[in-house]
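Consider the two complexes below, in which subunit A is the common component and subunit B and subunit C are the respective partners.
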Partner chain A sequence: MTAEAATGTLPQVKRPHTGRVRGLLMALPPIVFVVVFVGLPIVNAALYSLGHLGGLNSTTALIATHQSRATHWWGTLGAYRDVFSQDRFWRDLTVTVVITLISTGVTLVLATSIALFLRLSGSVISKGLAALSVVPQFIPVVIASWAILTFYSATGLPRTIAAHLGFSFPIWGYTSVAVVIGSIWTSLPFAVLMIASGVQGVPDAVIEAARDSGASLARAVGTVVLPMAFVPIVIAATFTAIGIIGSFTVPYLTGPNAPTMLGVSLTNFFQAYNQPQQSIVMAFVVFIVAALIGAAYVWANFRSSKDVS
Partner chain B sequence: MKRRAFAAAAVAVPTSVMLSGCLKSSTSASNGGGSSGKGATKSLTVLLGDDTNIQDLWQNGLIPGFRKSNPDADIKIDFDLHSEHSEQNLAKMSAAVKRNQSPGFDITDESVTQAAQADLLVKQDASKLPPLADMPKTVIAQGYGAGVPYRASSVLLAYNTKTVSSPPKTLAELLAWIKAHPGKFTYCSPKSGGSGGAFATTVLDANMPKNIQEEMRVKYDASLEKYWDPGFKVLRGLDPYVYQKGVYPNGNNQALDLLASGQIEMTPVWSDQFITGQKNGQIPESVKVHQISDPSFTGGANYLGLVKTSPAIDLAQKLFTYILSPEAQTLIATQIAGYPVIPLSKMPESIQKKFADADPSDLRENFFGDFGTDLNNLWDQKVPR
Partner chain C sequence: MTSLARPIAASPPQEEQAATQAAGRRKPPWTPRRVLGRALLTLFVLFLIVFIFGPLLWLASWAFVTGWTYPNLLPDGFTLRWWKVVLTDPLLGAAIQNSLTLSPIVVICSGIICLPAAYAFARFQFGGRRGMLIGLFATNAFPKMGLFATIASLFYFLNLMQTMVGILIVQMIGTIVFMTWIPAAAFASVPRSLEEAARDAGAGPIRVFFGVTLRMAMPGILVAVIMSFLASFDEAQGTYLVGAPTYMTMPTQMYSLVLNYPKQVAAVFSILMAIPSVVLMLLVRKQIMGGQLAEGFQIR
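On to the complex of A and B.
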């Protein structure tokens, strides 16, 4: 974000040749790192998913079961057909997308409310609330998931209290509801930090001007504050959604056996069913969905760099 | 291997294990290389992927026992709790064998069947290891000609005596009990724990012709899986009666926790895990176990494999011979309440008495090799909603 913003602000400056080389050299370590440790494995995995079982994939191929072997020079779509023909996959994909949408939506609403409350009130309560909402950042996800599972289980606190009062509270342990609660819990801190900083950046003068010209508080928020914090909100939304769509720990520990989110499902294919090829196919599907969400992030960045210049 | 209860921990990346493994292999190879060549290597590393009770068994039982007759042997243990790193260890083994190097351990009890299938282990037969001749054919077959069975355990039905006065004696009675007591029974999903796998296997068996059951225990043939369909229908039919209308916990331990906290009244459990659990207080006194019949729950042997490229093959074969001796099998039976794998008639009388009700030679094996992973997969597709 900052890099693009920086190049956006300095497009006309002509740099000497040596500076360009130095710049390239400075950028080289991360590029080499990404190419070697991320890029190559991705290419390798893509080749494996297309049925190229030799070379670097031969060790994996030796142990895996139900593999498709390349039939053309480019490979075969056998593994993809295998995955896409299973109802379970489409069910898992639907659940993954729905949980991501709901969790992201709720997270954004909660984070925006806290940010606005903090911006407009500035009281001790609002500051306390904002500080409290960041707490999940400091609690490991495994522990939080376990706590959520126990809390909403058949013997959990809400059910115990409800039973004493004479009515029955639903059991949420091992259901998708628990997954949504867990996802919101883990995503909230980052969203609050991001959106709060965006909302704090709106100058008092702008809000006061809107109020002076007769806008109600709601109107001032809706037409002035939120649009000015639009980019941080989009960034928070994309990061939250990408984080949730690839999550494993929360759905693995708190979710139902079926349908599961794809993160759990592809781990099952990899380990429990010993079908790494199919697992990689599912990983690519998650990657594509995440890339679509990422496109929104790039667009927001583009917009923000234009705003700067 | 089947006990891998906690795949969650697979998130961790265990590079340190790999490093330590490499270091060990180089030292063990150079120790023996001195005067008498490779065959006389006196140092050996055993990779164990189990719970701590198995580590104790080796450290305080089997290794000291073996050193009585081989005082100069140096047996080390590379311990991988709950087989959390079994995937990496298997990959390390296959890579090392391909390059004709030692993977850093000589004997493994992790992923033995997979390694044997991939031809990474030294082949074993009765001429090399005479006790194998006395073992049931199905037990040997599941070792793919390379795995050495060395201890066994079986799955039993655990129930809460506070609420269940007369537990079901047969599978049919158990199924009827589950339907009569909705929400009071569950088993862990087969992929997450062997106790759940045994329950599923037993129900599938009960709905399959006898000859197919036997065939599925000696060789892998995916076309036979169509015979599972009636059994899966029965399991699917149980779904609304299972805990919380269809919740199957992850792993043997989670199922036991539900039983111990009184949320369910009955669940299948590993024999040795139950005994250990009652010893350390994880399972209350009020929980009892027994084996059902017609058919009984499956169990299985745990196998040891000797890596093909190990520099200590002779010593390892000697260790195998010792482990299959009545003396070592008695240690297994007393220390971890494991089932002996050699015929009971060769064991001391006290052990014969202890296992009189659950004859290890009657142990019903799980399905063969890849049927296991296929069962995990199909169960996930067909049983939970």
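On to the complex of A and C.
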């Protein structure tokens, strides 16, 4: 290798400004796709929820019922008032947030336990456990939901075994408990993968040093390992929460008719009740909560890149 | 690339004993506390096995039974006739066909628009690069059903509801993140020194790209392709909103299956639907467990 190659001053090395233009052009197709098919509908829907029934919204406006038409230049809050005045919306919102919090919390606890066990033990059992926890990644969500529903239904396995043992196991099918179980089941693989990879990055020497200084295993884990794996844990938490808060399939197949999660509720309003405006209002409520969670993810990532560089 | 399992370095027993004795800690005896710890661990493992495999095995067994009366532990009888019912039903056959033709097309279209972008994100520095990456990720941050409701309004206007193109677009949305982030991480991890060495040896830029860069990034791209295929194959919500009831894929057909057909049929259909997922995931399990997936989702 010549000296020029070693220092990277060969003529083939791209000069910054040509790389910039070419890079931008190559990166554009998915950006354009997302802007047209995600960004535009969202902006459009925001306008629709404020009562602007013309333009791209005219077709929907033709078939919809219970619509509020714009009364000012900026629109109207009629649709928002309509949704926020309904008790069922607040019940559904509460259920959505509570289920998300519980499911995310339990998923994090399970995933962290499995990841720590894998890191600290490295035995065949721990590897098997980690592999086991990734199995749900292989199974489509529709099937998982249906499997969980039949398992915890009135005629499922826990109930069958309990009947043989002489007591009555509660029926969790079509209740929020099944929704929580389903949400945890489907979120576990990604959380385990993220947290395990984060915990793997903690060097043995650091843990040994903490132990040698007299810290118990629990203390070493709590004050050394987990803070060092902070960013992947936050990533796992935000991904899990965002995935659960807007979910449809799990609550639709395993949950009760009411109160249900907002993902199911907004679909009902869109299709069954033919009130797309109210449906879009609910969608935005979910968007906003998810965006807040997403902001935590971005903050964690930039904080990590600052630490590294 | 960190692998999923990297245990604490094992040393020969004598050295280990000497080392721990030197550090002032002995291997703990079987105290009640340690026995309790082991017992709890065993319970945890059993709990996890039942938690994860229980529902799957329960559903799978329904595919082979004539009937199952509660609260019997064993089914009434075993049969394969439900498989015949599913495989000869024209409606279900159409759904299977739709799924198997649509998903490869989605992956190809997604690859065409996303792979060059992934290369650009990895190799070039341009304004807004990070913002674009985050923006692409943000499409996944939004709850899918709400997004599809807003897209449906646009589709009504463009006459794309209940069309194959509409379903194609909706399924592509779910694959964009996989097809940009993961290949970008793969391209970024190809050492520039190897490419420069190839160029020094006289290879042209195209030869360098196909022979060195692409080849080394292939595992990551393969993971992206498979994750995208599965994302499209399993996509139920958007496809349901846009395609039902004219175009049914396997997942959307499940929604009606569980309501209108006997449990055994749903069970058979579930197994059929799970086969591509399991097979493809087994192919890439080394890469996934090896950290390609987790590394792909950190912004650089």
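Everything below uses one rule, namely that the second predicted complex is superposed on the first by the 293 of 309 C-alpha atoms of A that agree within 3 Å, B and C clash if a C-alpha of one lies under 4 Å from a C-alpha of the other, contacts with A are read in each partner's own complex, and residues count from 1 in each chain.
Throughout what follows, contacts are C-beta pairs under 8 Å (C-beta built on N, C-alpha and C of every residue); 3 or more make two chains touch, one makes a residue touch a chain.
Quantities reported herein were computed from a predicted structural model and do not represent experimental measurements.
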Is A:T59 touching anything from subunit B or subunit C once the two structures are fitted on A? First, second, both or neither. both
Looking at subunit A, does subunit B or subunit C touch a larger number of its residues? C
After superposition on the shared chain, which partner residues are touched by A:M194: those of subunit B (first), subunit C (second), both, or neither? second
So, does A:A283 touch the first partner subunit B, the second partner subunit C, both, or neither? second
In the overlay, answer first, second, both or neither for which of subunit B and subunit C A:T267 touches. both
Touching A:Q86, do we find subunit B (first), subunit C (second), both, or neither? first
Would you sort A:L253 into first (subunit B), second (subunit C), both or neither based on which partner it touches? both
Considering only touches as defined above, state whether A:Y174 meets subunit B (first), subunit C (second), both or neither. first
So, A:Q275: does it touch subunit B (first), subunit C (second), both, or neither? first
State which residues of subunit A lie in both footprints, the one left by subunit B and the one left by subunit C. 59-60, 63, 142, 154-155, 248-249, 252-253, 267, 271
Touching residues of subunit C toward subunit A in the complex: what are they? 2-9, 23, 25, 41, 44-45, 48-49, 51-56, 58-59, 62, 68, 70-73, 112-114, 116-117, 119-121, 123-127, 129, 132, 134-136, 138-147, 149-154, 156-157, 169, 172-173, 176, 179-180, 192, 196-197, 199-200, 205, 230, 233-234, 236-237, 241, 251, 254-255, 258, 263, 266, 270, 273-274, 277-278, 281-282, 288-289, 291, 293-295, 297-300
What does subunit B use to touch subunit A in their complex? 4, 7-8, 10-11, 87, 90-91, 94-95, 98, 114, 118, 189, 191-192, 244, 246-250, 261, 263, 370, 373-374, 376-377, 380-381, 384-385
What part of subunit A is in contact with subunit C in the complex they form? 1-2, 5, 8, 10, 12, 14, 16, 19-31, 33-34, 37-38, 40-42, 44-45, 48, 56-60, 63, 110, 113-114, 117-123, 125-127, 129-144, 146-148, 150-152, 154-157, 159-161, 163-164, 185, 188, 193-194, 196-197, 200-201, 204, 211-212, 232, 235, 242, 245-249, 252-253, 262-264, 266-267, 270-271, 276, 279-280, 282-284, 286-287, 290-291, 293-294, 297-298, 301-302, 304-305
Of all residues in subunit A, which touch subunit B in the complex? 59-60, 62-63, 65, 86, 88, 142, 153-155, 171, 173-174, 248-249, 252-253, 256-258, 267-269, 271-275
